[in-house]
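To keep things simple, chains are lettered A, B and C as they appear, and every chain counts its residues starting from 1.
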Amino acid sequence: MDSLVQNANPKLQLTPTQFAAIEPNAYILSQLSQRPSSNGVPTRANAREQFEFRDMTVTVGGFTHANGSSTVRIGDTSVVCGIVAEQIYTSEVPSWDVSQASVSANKRRRLASSGKTLLDNDEETDQAYDNEESRHIEDRCLLVPNVTMNTGCTPGYVPGAPPSEDEQSISNNLLGLLRSTRMIQAEDLRIWYQPPNLDAGESDSSNETQLPELKAFWVLHIDIMVMSYGGNIFDAAWTALVAALRHVTIPYAWWDVDKEIVLCSDDASKAHKLSLREMPTSCWFSVFEPQPRPASQDEVARGSLGDGWWIFADPDGYEESVCEENVWCVVSKDKNGKTRVYRAQNVGGSTVDSEVMHNLLQISAKKWEDMKSIIDEVVATGSPRAVAWKGKSYSA
Amino acid sequence: MAAPIASISDAFRADGSASYKCPVTGYRVLAAVNAPVELPARKGALKPQEATVEVSIRPGKLSPSVVEKSAESILRRMLASVILRRHAGYPRRGVVITLAVVEGEPVGRSGTYLPLMPALLHSSLLALMSAAVPLSCTFMTLFFAVTRSDEIVRDPTPAAIKDAESLHVISFSSTGRTLLDLVDGPCDLDIWATIHQQAKDIYQGAAVPGPDGDISMDEESNNAPGDIIRETVEDRLRRDYRWEFETL
Amino acid sequence: MKVSEINVNVLPEIPGTSEFKYFTHRLPVLTFTLTSPLCLPPSTKAEMRFLSRLCRKFGTASAVPAQHSLLSFGTGQKMSKETLAAIEHEFILSGLRQGYRHDGRGDNDYRELRVSFGQDYGHVNLQLGKTSVIVRMSATVGKPHQDRPFDGTFNIQMELTPMGSPGWEIGRPSEYESQVLHVLDRVIRHSNALDTESLCIVKGVSCWNITAYVHVVDYDGNLTDAACMAIMAALQHFRRPDSESRGGEAIIYGLEERVPVPLNITRQPLCVSVIFFNDVNNQLLDPTYKEELAADGEFVIGMDDSGLVCFFEKMAGVASQPMSTLDMMSVAGERIKEHNAKLQKALKADLAQRAELGMTNEAKAANDR
């Protein structure tokens, strides 16, 4: 009401919020050009520097009945992740009893060669084995990540609608990343049965026949719920997934021959954690171009581009709605401090070239160091305790 | 290296259509474009200032799944950045691109769509041109794989893709800018940089027109996927204008 | 040669028709007459395409008078729904009254049928006039239904995408789509053309799931007949990997290890769609999409290669004369025989080509050795 009274004068005046809603591009541009921070760096509409990430809080172990869970808050975005491990019997896997003649030949060869690898420690075979193992996870659908938007998390969300493209795309990207990072080892998800050696009296020949049998798998249902949508959902979802996976405990399970079922032990000391291989960090960037896209070939020829563009790290919901070009990096560093790229995606515009991309990858690598220490800390403190991280600015 | 096979086809109902086959990966993609069309069912999503781009991929012998959705979202954003969506006659309407993978092995759950990207993108581009959709530029797409021994392979075979550590797709616009940059799989930052340098070299060796607008016919230019786009369009134009040429 | 002038005249004697005249050095070289429903829903895609092509060819609006109202169609006013302009409807009907079909065919004639096969087994490209369909087959191993442990499964998947017609939308299955699928299901699946019992690998544990994926590349009417022929051709062309049961375990042999096996086809049913009209007595076979839209009723006859009727359905629409419907049966039987013969010929030719290729490859391999 007050604003109405204020606006009673003939000259139309807009409050900043109105301005921001009507002309988002002009609003963000004016903020960038008007509000340099203390050290003279342009500041975004949300008072952050270009490469400044938001504050983050990570909590682990909020759910009692999940095998692993976590909550991640990045600015206004909050995400909950719960992981439940369920067993699936090999007899229930549709194509379990099916073997490709060529593959089974491979299997035989591998069994034979695994003995050899012990002697040679041949890295090549090891990697091939890894590969086959990860395919095992894929073929049997042992990892099922799923992202759902919570009703009311964002004004645009329609309750009861089928999963949106965003949700499906994030779920698929999570699965794709789990595959390409080979984070989870298939061995952690297997439930073996060692048949008793009935004729123990005889020597080595019987060892050959009494191979352990694979009776069941653990299937990890990774459900991520977006409680509040404040931009940059993927980073939050991935961080939550990594934290929750680190927190997962899988009970000791064995095959009961008489009942022909898998039984689980409630002894916590027998339960095992997942041995995760890599833990890369995901970083989203949005590219802000104040100029509208050209409307004709003439405009293209005149070249409206180059009037300036800015990159926003960790964009919030408002910035995301304005920016069309996005950069997504998933990186980590190896033991020697070398940056490894797991995913990179730059799509939606033509401003970011390989040099800029290189810088963004390096920034992401720096963020990885911080993220690693946060998650290590969260997991080490045990559940449930929140670890907060103060948002900070990076430079390549 | 066998050259890709592309053609602008004569769809009866769609506004523009094209087919592109990548002989190395064996993928053949049919693309159809309808533009500009009214999308009465999408009234809420249409924007008053620009056209809405819709992309859908139909895998050849699988039902479309989440994997396609994710690839569609990349293609949609990439093509939207090339199409002049604010061109007269386009705002509030739709550019509907339909892609069908008619040859080649389908991508399974948790698979990657990167090997298909060149065929999907090039066929879309040809179809967009055949539908006379205004574009800000054309583009060409390069595909690389890095093997376990850190060797960079351009246009890898399906077997090489299966064994590769990481896959890379890079698109350059005809104006010399990077339109698309995708990496899947672990790879060192140095190798990433090398691939980008290599891609740039291939691109620059190929599509730099001389002062008279001609492309120099040196050996390197035969390698660039940008050429196949140009040749296909030229072929088509020659066919369309034949009546005019013949009456000369 | 440069076009110096283009004349556009609206012909008053035929409503909604305009004439394009192209001049070179003041001599008319080309004349197009274009029926364009100016004040009717702009369904006539072909005209608009034609116009937009003209615009492209002649440097857009500068060559063609821009103020002409026709051009507003070319620049984007398009509806995505399948409609037929009243004038075209009338054109088709008046032609039929005088004994002509709008493309010059006889009432019982089919358009040209072309069949080709891809490199994969079960990849069929089929064109019926301008209607173009691609079918791909897949075979996966799955669990049989609990109530039918001895049977494998066979399914037909088809989605009408905007590729076939701008009127089709993704995610919104139209009535037409379910109607076509229903006919295909009845004609091919329910007539047990593919013996599903032969797809069993291990009783109750594993079986083959065969799926035919139909892609409609271009749609100019009579999708039902075209898709039916394409699926039947694909079923006969397809080879699935060999499999056997060994101690309750199913073993699948790769394509390189054992010669893949053809499916067990018990019969070769095809279908023929017939359309008819309210006030014209003609019954037309193989309608184009415009004829389909103009029609008042339709029925579909399905028969196998031995001439046995395996399907008959009259969809909604006006009532038809029982005797003329019966007459169509014998006509349909002839057409189905012809089509089956064409498919067999194409399949044989492809098989022979493959055998030849295989021989040369073997010879090559032998030479290499």
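Heads up, the rule we're going with is that a residue touches a chain if its C-beta (ideal position, glycine included) is under 8 Å from a C-beta of that chain, and two chains touch if they have at least 3 such contacts.
Everything numeric in this text was worked out from a predicted model, so none of it was measured.
Among the chain pairings, A-B comes first (most C-beta pairs in contact).
Central chain by Cα centroid: B, whose mean Cα position is closest to the mean of all protein Cα atoms. Averaging Cα coordinates per chain places subunit A and subunit B 28 Å apart. Averaged Cα coordinates give subunit A a centre that lies 44 Å from the centre of subunit C.
For subunit B, the set of residues that touch two or more other chains comprises 88.
Not a single residue in subunit C touches at least two other chains. Residues of subunit B that touch subunit C in their complex: 11-15, 17, 30, 32, 34, 36-41, 54, 56, 58, 60-63, 88-90, 93, 96, 98, 100, 102-103, 106, 132, 240-241, 244, 247-248.
Within the complex, the subunit C residues that touch subunit B are 1, 29, 45-46, 49, 52-53, 56-57, 75-76, 78-81, 118-120, 123, 130, 134, 136-138, 157, 159, 161-166, 169-170, 172, 211, 213, 215, 217-220, 289. Listing the residues of subunit A that touch subunit B in their complex gives 124, 127, 131, 138, 141, 165, 168-169, 171-173, 175-176, 178-181, 278, 292-297, 300, 324-326, 331, 338-354, 357-358, 361-362, 365. Residues 49-50, 66-67, 69-70, 72-74, 77-78, 80-81, 84-88, 108-110, 112, 134, 136-137, 148, 163, 166, 173, 175, 177-190, 192-193, 196-197, 200 of subunit B touch subunit A in their complex.
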